[in-house]
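Chain IDs A, B, C and D follow the sequence of writing; residue 1 opens each chain.
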Amino acid sequence: MAGKVKVGIFGASGYTGAELLRLLVPHPNVELKLLTADRKAGQKMADVFPQFAGLDLPVLTKIDEADLNSVDALFTALPHGTTQTVIADAFKKNPKLKIIDLSADFRLTDPKAYATWYGHEHQALDLQKEAVYGLTEHYRDAVKKTKLVANPGCHSTTAILPVVPLLKTGVIDPDTIVIDSKTGMSGAGRAAKEEMLFSEVSEGIHAYGVGKHRHTSELDQEYGKAAGREVLAMFTPVLAPMNRGIYATIYVRTKGDASPGDLHAALAAAYKNEPFVQVLPFGQVPQSRHVRGSNNCQIGVVADRVHNRAIVISTTDNLVKGASGQAVQNFNLVFGLPETAGLQSPAMFP
Amino acid sequence: MAGKVKVGIFGASGYTGAELLRLLVPHPNVELKLLTADRKAGQKMADVFPQFAGLDLPVLTKIDEADLNSVDALFTALPHGTTQTVIADAFKKNPKLKIIDLSADFRLTDPKAYATWYGHEHQALDLQKEAVYGLTEHYRDAVKKTKLVANPGCHSTTAILPVVPLLKTGVIDPDTIVIDSKTGMSGAGRAAKEEMLFSEVSEGIHAYGVGKHRHTSELDQEYGKAAGREVLAMFTPVLAPMNRGIYATIYVRTKGDASPGDLHAALAAAYKNEPFVQVLPFGQVPQSRHVRGSNNCQIGVVADRVHNRAIVISTTDNLVKGASGQAVQNFNLVFGLPETAGLQSPAMFP
Amino acid sequence: MAGKVKVGIFGASGYTGAELLRLLVPHPNVELKLLTADRKAGQKMADVFPQFAGLDLPVLTKIDEADLNSVDALFTALPHGTTQTVIADAFKKNPKLKIIDLSADFRLTDPKAYATWYGHEHQALDLQKEAVYGLTEHYRDAVKKTKLVANPGCHSTTAILPVVPLLKTGVIDPDTIVIDSKTGMSGAGRAAKEEMLFSEVSEGIHAYGVGKHRHTSELDQEYGKAAGREVLAMFTPVLAPMNRGIYATIYVRTKGDASPGDLHAALAAAYKNEPFVQVLPFGQVPQSRHVRGSNNCQIGVVADRVHNRAIVISTTDNLVKGASGQAVQNFNLVFGLPETAGLQSPAMFP
Amino acid sequence: MAGKVKVGIFGASGYTGAELLRLLVPHPNVELKLLTADRKAGQKMADVFPQFAGLDLPVLTKIDEADLNSVDALFTALPHGTTQTVIADAFKKNPKLKIIDLSADFRLTDPKAYATWYGHEHQALDLQKEAVYGLTEHYRDAVKKTKLVANPGCHSTTAILPVVPLLKTGVIDPDTIVIDSKTGMSGAGRAAKEEMLFSEVSEGIHAYGVGKHRHTSELDQEYGKAAGREVLAMFTPVLAPMNRGIYATIYVRTKGDASPGDLHAALAAAYKNEPFVQVLPFGQVPQSRHVRGSNNCQIGVVADRVHNRAIVISTTDNLVKGASGQAVQNFNLVFGLPETAGLQSPAMFP
């Protein structure tokens, strides 16, 4: 591909928007043309996020005033529910656009599931049919051809990557999967809420959305596809006092005479050529800090003391592989760029 | 009881030792007579823990040089494995002693289980028979009469309190219990280890002892007793970047036609008169920070989206109800003091 | 004093209000009668602060509906600026009240200084004349006799205690004092503000109110009184990623032939009988975590490499000695109780 | 420059070594040939730092066994004191080497100053004469020509950049400079020490090395050169509960009729073309988290309430601009590469 891709970001004043910028600024094939933030329109990015001081970036504008014909690619990092109409409008203004959507709006292929989990009818069903679920490792070919990528959720990415190969190869019981998914605070966004104040969430831990978190619907969809039957895992998100990281402890029972070692083998085989998924040696336990800031997912498999049980652990950075990093990975595919372009930095530890 | 109980602490230079002091210094019925710390013998507590500057406390001495006839009560906060012989010696020197042991040495009543989990034969089997497992709410009468309390582990206390009433009343399936137990760093002690450095454990989270943590043996023992049959739960401890707190997310399936609401009712009934266990309203999720520094255990029950599944959440401060606070609670019972003496401070939040 | 003092708290839903409760619940001479929180009226404290679950406390009410004749003592933990009229009204309703005010409204004795720093004329000048600045160690006798205590600010308490004795004894140059005062996040209160979100303030540090923080006015007043002349120190507050703690690094130059050791001697002499101020051995550096949760102020003095310069370091818990603890200390004095009642817990570390 | 520079790292198992790798792995002009770690020789980097799992890196070897003729450039990230002989040996084995030394061994040009601050005679005085102090913005031309760069300390870099232009232009009084320099924990290294355990250093703050920290000697040297006379600033490092970041609050008095605005102007002029130094608008306060992970130094100037005083604030990431990032910046210059190569990622926030 000659030249640079002209890129816009809708929703640049949130954490996933800022993370897109962090990754796209040094990206060798990107030219940033357009940044929106409706409530901060007219400001510079450095006013909103001082880490960008000294960089020459487009001034923030409103979505309505954005010139969509100035860009080839659009990342949308906007709230769930309203993004679908924004994207429908964007395609009307520039039908050649390729859009990577970081909201949940196009992730569920079943309109009924969408209505159930999100509480209203979908407003752009025709687009939903074209959208590709952007879990790159499992939908790479479809991503390359689509104009609309539905980038997966952070809990979803972290819980789907280690389980789908186990369901596909039939080595685990689909009916007893339990997922305890710890997350850092940045996933809650930048809106001022009492319950996200430092003093409210540091030096302690707690579950939220227990029994009903919306990312569960993505697990249902992808686990079900992998198993060829309904799979309803137990899933609880837990907020840990850290900025970044998803850390899913996944409890499974083996099926037939499969051993925990067979689970490890299935995962190692599934991801052996993947640049962003590392299956650690059998028995080794990953840590979320070792993927911080990188686009990696690290997976470990440990045998339980009871022979037919195992603990599978998966970790990502919620803002990178769980959001903006995977979005850039998908962007690279859509535009025929090397899949790892702009994503080669190892994790930042400590 | 007239007068004050004369108290000694073996192992005052560790975190649980210091926490005992924090609780015992303002305790109205305690006179501190003896503090040991072999490697810091001759130093003042304020040299080892500057928070005690300004207090008039016994100078640290060696265990061998401690005058055990100067005390009525002894708290032992020493490493697992060697404590049993130290305690056997202590009783020889002063047979009237009452000992609250914070190590794991006397927690398991089955010598075979002890040998399996701790890797060597028990060295004081006769004492082990007299020891009472100090999960106060469930062994109150026995604690009052014993001379040796085996204070439970922090993960164990937090996971046993919410599950035993459910097994006793038969409302959950004993075969599918999964416990994901998050803990703060202070539980790892004060020994200088690379893996416990701030830069190694902040801003991230990870499991440890996966599939084989020793506190599992206490769960097996107490769950088994409650259910009247073998119960082998899945249990994984997870280290969270905070000083204090145990936070157990417990996944259960109901039995027969019991509903999640029945689980809540069983717990509310079991603990309705307990000063240190609060069963929150059905559906409310506890947070570890709301028990920080207190002797409380807060328990929540939430229904899963699938009707016969529930999430039970239990939280304590690992150094208080999970160690030194429960030890003081047991001490109060052994000496006929009000059970809440010295333990009435609400949690410190924020 | 026979019986218990009947106590009310105006503003129980903020952090200093909750901290008052933490200290007053186990206080042996206190009966809690009245808790207000205008925007949470009708709720239980446990709804607002779950750490109080299980306690039998008055339901939250509005200030307007509070029965002020039901209490002997009132703690006001309300915003600056409006508290003065609330207190004037309270005295009208119950002239026998004793009030401990945790706001800044009555701290400055000079009405002009108040108007300058707070931007409006004082609304209760007659009360201001009766108010006593509640830096207990320096105004103990006046506190005992007053009906209105102006409890000092957290930065102020921490910076005034170590400097006033140095100015009084004339061992330091009043014109070159520099104070760099680190604080935890809880001092910023519980209002939902973007800049206080966990993700905005963890894993980093920054100054605020540079060159103009209002606590400076308290330093000016007390330093000036101690020195008998104008003293205008440089003072910068810095927000550190922790919940609690003030940590002031104070840079001074000695006067005449005074040595750093003389500074230490002056402080040790000034505070040798104080229960809540510990002057550490010369050269020892305090840490904020060693006063966490306690009413202590720990002070260290270290010589600089240049002979006539020294670094004086002072630390408190901003919510205890810097707010609610000192308020209870003053309350004890006002009601003739032992000064340390309810305040004897050592710091909580770790 | 054709081809890639062949690079080795001595001391790859420490935090600065790992940070070098983080920056050099995606560096477009680098080929990593050699990694040493004497105590971990034979291991893979991923065993020592799991964030490098999945990368193809040289196995760790011992310094003695390293083939120094396989590399063009050597980064030394070894302890102070012994590095000087290691480097002298390295030049003997390969005289064409270019070395970037991250230790303190070659930073002080005056052998007497070195002996005073480090407690022993320098062992490689001839090399010391050739070494260039690698504060890139001030020694760029010399760095380009040298074979041995003495990379500055983290506190030093952060405190020298904002002060040297003020001394050179004569707008501040050299005799009243006070520097309070907060740092994250990673600067203390990876050695297992009790005082660096999470529970010892989280949730609190404290000064260390008060009155005598060795980085002071670099300030003396560079401030003295800039002022043309002796300058002995007061300097105190303070350990804050965060992984990364140096945050220096610098208190100065203006000279003659210079105003705080003049100070800002002097800094803005000095750094207007620098890619890694951002002087913020007058009055704006930087935050350490906004340079985290980047090679940036952000500087703010704020007027005090007294007209001839100002607060200058400077912040860097101690592992990047304060160590490995500046080392890569110097490496780029030494090898004629673009100065920003490999260093273009914006800070990682949150």
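Basically, contacts are C-beta pairs under 8 Å (C-beta built on N, C-alpha and C of every residue); 3 or more make two chains touch, one makes a residue touch a chain.
This structure is a prediction, so every number in the text was calculated from the model and none was measured.
Undergrad: For the chain pairs A-C and C-D, which is connected through the larger number of C-beta pairs in contact?
TA: C-D
Undergrad: What chain lies farthest away from subunit B once each centre is taken as the mean of the Cα atoms?
TA: D
Undergrad: Can you give the whole-Å distance between the Cα centres of subunit B and subunit C?
TA: 35
Undergrad: Distance-wise, how many Å sit between the C-alpha centres of subunit A and subunit C, to the nearest whole number?
TA: 46
Undergrad: What whole-number Å value describes the gap between the mean CA coordinates of subunit C and subunit D?
TA: The separation of the two C-alpha centroids amounts to 39 Å.
Undergrad: Listing for subunit C: what residues touch at least two other chains?
TA: Correct list: 15, 185-186, 199-200, 202-203, 241-244, 286-287, 289-290, 292, 349-350.
Undergrad: Taking the touch rule as given, give the residues of subunit D at its contact with subunit C in the complex, in rising order.
TA: Residue positions touching the partner: 176, 178, 180, 182, 199-200, 202-208, 210-212, 216, 232, 234, 236, 238, 240-245, 247, 249, 251, 285-290, 292, 302-306, 309, 311, 313, 349-350.
Undergrad: Can you tell me which positions in subunit A touch subunit C when the two form their complex?
TA: Residue positions touching the partner: 15, 185-186, 188, 190-194, 196-203, 241-243.
Undergrad: In the complex of these two chains, what residues of subunit C are touching subunit B?
TA: So the residues of subunit C touching subunit B come out as 15, 18, 21-22, 25-26, 49-55, 185-186, 203, 243-244, 275, 278, 280, 286-287, 289-294, 296, 298, 319, 344-350.
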